[in-house]
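Quick heads-up: structures coming right below.
One chain, chain A, links the two complexes that follow: it is found with chain B in the first and with chain C in the second.
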Partner chain A sequence: MAITSIKNLKEFSTNNDRFEGAHTLCPGCAHSMIVRELMNCTNDNLVVSANTGCLEVSTAVYPFTSWDTSWIHIGFENAATAVTGAEVMHKVRKKKGTLKDNDAPVKFVAFGGDGSTFDIGFQWLSGAMERGHDFTYICLDNENYANTGGQRSSATPIGATTSTSVAGTHSYGKKEKKKDIVSIMAAHGAPYVAQLAPNKWKSMAKGFQKALETEGPCFINTVSPCCTEWKFDPKDTIGITDLSTDSLMFPIYEILDGHELNILYRPKNIITVEEYMSAQGRYKHLFKPQYRHIIEEVQKEVDNNWAMLQRREEARV
Partner chain B sequence: MAVKFDLNEREVWDGNYAASQALRQADVDVVVAYPITPSTPIVENYGSYVGNGYIDGEFVMVESEHAAMSGCIGASASGGRVSTATSSQGFALMAEVLYQASGMRLPIVLNVVNRALASPLNVRGDHADMYLGRDSGWIQLGAFNAQEAYDLALCAFKVAEDHAVRLPVMVHQDGFITSHTAQNVYPLTDEGAKAFVGEIVPVDDMLDFSRPVTYGAQTEEDWHFEHKAKQHKAIMDSRPVIDAVFAEFKELTGREYKRVESYNMEDADVAIVALGTTVETARVAAEELRAETGVKAGVVAIRCFRPFPYDEVREALKNTKCIAVTDRSSPGGAMGAFYNEVSAAMYTSQNRPLVTNFIYGLGGRDFSIEEAKRIYTEQQAHADAGHITTDIQQFSGLRGPKLGFFQTDRS
Partner chain C sequence: MQDLKLLANDNRGLSQLEAGFDLLGWDEVTQGSVLPSFEGDASNIANLKAEERTYSGYNSYTATVASWRVIKPVFNRDICIDCQNCWVWCPDSSILSRDKQMLGIDYDHCKGCEVCVEVCPTNPKSLLMFNEHADLEESLASWPEKKKKEKKSEEA
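What follows is the complex of A and B.
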């Protein structure tokens, strides 16, 4: 059952979490905020799976676990398949009456980083979405392979320097644009797809609840600023997230049944991409004269994308 | 409640159909699968049993074999009975997750219809895929015909789900030779099979929320070694359980299985040690050769490839003078893997027989009775000479000039 009223911050801080605070994520990592909020937005039983990545290596190091619920990690690519295997078994055992508590509602949730979601686990995710299992997949998008030291993924934006798209005298960093995972997931015909952010925690909790309550495969991309690889002070995580949503680098919106688009957050004062980029070390080189055109290029892209989202919302397509 | 499936006392089934009937009778809850020749009919049949109400389980067709085993892991950790089937390239694609299944101690049963590994692409049977799984921590049982593919699949669930074992089990059969050859098969009744296999009693059930479990944790140098050692001990300790399940099956059906099986070995001077359908070919060759020439030929068959039965192999071969170990897999720059294992067993015997290695039958090349007889005759010549008179490793049944490697040190 969904919690009818979304908890306030004070309630969150005293909640008996199913995701324990004891983990080894970097100080300032947004992953734990997002995961806690998901686990706090429902009272239903949860089976959670995780792809290999920061979240997984930081929360289940034997003999400890941060998960006070059923949790499984297999490999880098297959969290969607693992949790949907559990979902199918739940269906069979419920039918046969072999569950310990046959009537208790259960939700199935998979977490993956952007590396496992956009790249190595893309096929497994697509397969699980196509098969129509009743589960929610949440991508913790920090736009790089942070767990292995900050390599580029297909979620890394153009112009960012990473350890495998190195900016220097002859390069402005990553040459390719970010893959549009939200559109791809919506194109699977999923009943609920969204992009959410932890600074807008109420809309994030609402989105999570909607996904959990919607029958069928749901996908949510969440922005998860990475102080280690984006290079900002760990105390500034939410501030950086504000810049990401207010510059519209990460617009907050949902798509219902593959086509019906709703914008969930409209910044009162839209800030420039330049302001967003200037707060992070990974874009520092773009402020050199020879690379400034990349900032302008990205600004153009962001403007076009925002206009497109608004047009789609208005046209209800 | 599942629709009743009518069975005759004697059926004519191929190996694939036999394995699929075992899945139906074992009342498998979830099959997660991806089709690949020659194993495809096993999962197709399960799907049709679901589609026609003969079983109350769920059939999930995924987008790859890697996903198939990944889904099996998620389903098995959720407390029900799980099985699938694969071959060759599909097995290779699954390899990563095979290790995860055994490391998590999940009682999944995988029917492997053995087929060669590319390149060159080949759909016929050899044992390259089976060898690829040999270090994966799975129990590996080998069927030599359709009846055994059925019998061993039923036994596999019982072994895997035994709380003293809790390990996944592969049941191997030879691609096409067994999987697509219709033979007489005597099935159990549905009630008999159900009573034999029993109900699964899950351990660390993800759907028991009164006791949350964490599957697939991380361990580094502090604990990884202990976990892997415990896993090895578990597969070693499965030996008496396998023996007990085989004994119970014999009580029920009269059909006897042993981890190592011997034919005409009581007085044998020369032996062929083999896996899969080759066992039956060698048995016929040994019988005929004994009648024709008086060569005391015997066969030792490995029913349980993992855990490897070193003690039983040594016992079975202790009085032989010369042994030919047959490997149906390209050895890739070494002796055949099976040869190395049998040699290791015999090195610790009082009577160290001569041991030679035959690479044969790759990509489904036929292994004939005549070829087996030729091998026996050659082993007799080694035995008479008191040393190996040819290359230790020979390719048998190959076109073109003879190919052999490694020689005995006679200096």
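What follows is the complex of A and C.
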């Protein structure tokens, strides 16, 4: 496949963007940073599906498209279903020799929000992974249903206030913990599963290229800070992403063939969960004395998770 | 100063997203209708720069979101080290880089989020925000001096 050079940013920047401006994502939205990076990782033809969510509604505003590639919009549940259907059709037509250009390399990519990935499209994603299609699924994880006004999803962390888990005098926000989607996808035995973040552009580009090159179903969860619902200034999107990876709220790692775990980023100075949370309005209430124990609870979870990831990496099993 | 118009396709940023189009409503379009995003053959798009492409009026490249901005980033070529941080993190594909050089900002698509300013590593920054209506030459003339590193206090 025609991967592009990601040796350094200068070389990466010689790519010709295939994701155009004048989409209507909020200023500073990380979704488009992630999409641009994926599309600049390869010169191959792409067939992209995006289901309902911020990315889809903002990049196909009738009569415009922001995608310089084949693109399918499909219902909320079905980013994986649509693109794997296209993948099968392509395979069959290639075999029959009925494609316009039978040798043109094509990659199949699905984008879903966390609402669609962790919750509403979960069954269909699982099915597509199990069927073993040659595609890459990228979840844009902003930890809420952003497009419909910031409802909680099973990706929302404990303690965050959302429009359906409102913090107040009697509530510290969401009561349940975040679902571990990366482990669940790895448990499908997928050849490549990873969690990546746009502030670490190189490991993200490497992971995207690895997924595109790998035959079979690949899954990548990407941290996508949402200034509107996480409540921070749009200019700080990359700064907040730094806090998310350096506090290990979002550890960066990959899992090969369902078991071989590699940590891709080890922060030199690990910061506290408290520092990460204090930069976002959605956690503001946790700094009241009666809710502070939630911050401690999350810190313990994060510490345990980091220890577990390191043990799994060391064990090489 | 680079003439950034040179990097623009003739039809960049011509239409307002909100503009009333001389088109069927989205719910009147019949099945099988095609709104091609490029004129003619689009199979080589990945290898063409924006100014070499034949965008159709249905590609958002030909639309503008300039009216979203109240402040705008101004670029100072004299300080820039072409690190391309601004290019990789601009969410609106609005940093015009060619041949590893940062040349300027695509004001048709920039929303003024200020991310590029935040990630610019030079001292002083090579990108700074100014009022949307600020004059370019005046903005450049008012550029701040290099900042001295703040001394860290001895005590922790």
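Side notes on the structure shown:
Note that in this section the second predicted complex is superposed on the first by the 306 of 317 C-alpha atoms of A that agree within 3 Å, B and C clash if a C-alpha of one lies under 4 Å from a C-alpha of the other, contacts with A are read in each partner's own complex, and residues count from 1 in each chain.
Just so we're on the same page, contacts are C-beta pairs under 8 Å (C-beta built on N, C-alpha and C of every residue); 3 or more make two chains touch, one makes a residue touch a chain.
Treat the numbers as computed from the prediction; the structure is a model and nothing was measured.
Superposition of the two structures on chain A leads chain B and chain C into a clash.
Judged by the touch definition given at the top, the superposed model places A:Gly127 against chain B, while chain C stays out of reach. Once chain A of one complex is fitted onto chain A of the other, the partner contacts of A:Val106 are limited to chain B, with no touch recorded for chain C.
When the shared chain is aligned, chain B comes close enough to touch A:Lys96, but chain C does not. By the touch criterion defined above, A:Ala22 lies against chain C but remains apart from chain B after alignment on the C-alpha atoms of chain A. Contacts of A:Val47 after superposition on the shared chain: chain B is touched, whereas chain C is not.
Applying the stated contact rule after C-alpha superposition, one finds that A:Trp67 touches each of chain B and chain C.
Comparing which residues of chain A touch chain B with which touch chain C, the overlap comprises 45, 61-63, 65, 67-69, 101, 104. Interface residues of chain A, counted against chain C in their complex, comprise 9-14, 16-25, 27-33, 36-37, 42-45, 59, 61-69, 101, 104, 198, 201, 234-239. Partner chain A is touched in their complex by these residues of chain B: 29-30, 32, 56-58, 60, 62-64, 66-67, 70-80, 82, 96-97, 100, 205-210, 212-220, 223, 227. Chain A meets chain B in the complex at residues 45, 47, 49, 56-57, 60-63, 65, 67-75, 77-78, 81-86, 88-93, 95-96, 98-101, 104, 106, 123-124, 126-127, 130-131. Partner chain A is touched in their complex by these residues of chain C: 13, 17, 21, 23, 26, 35, 37-38, 42-43, 45-50, 53, 57-65, 68, 82-85, 87-94, 97, 99-100, 106, 108-115, 117-119.
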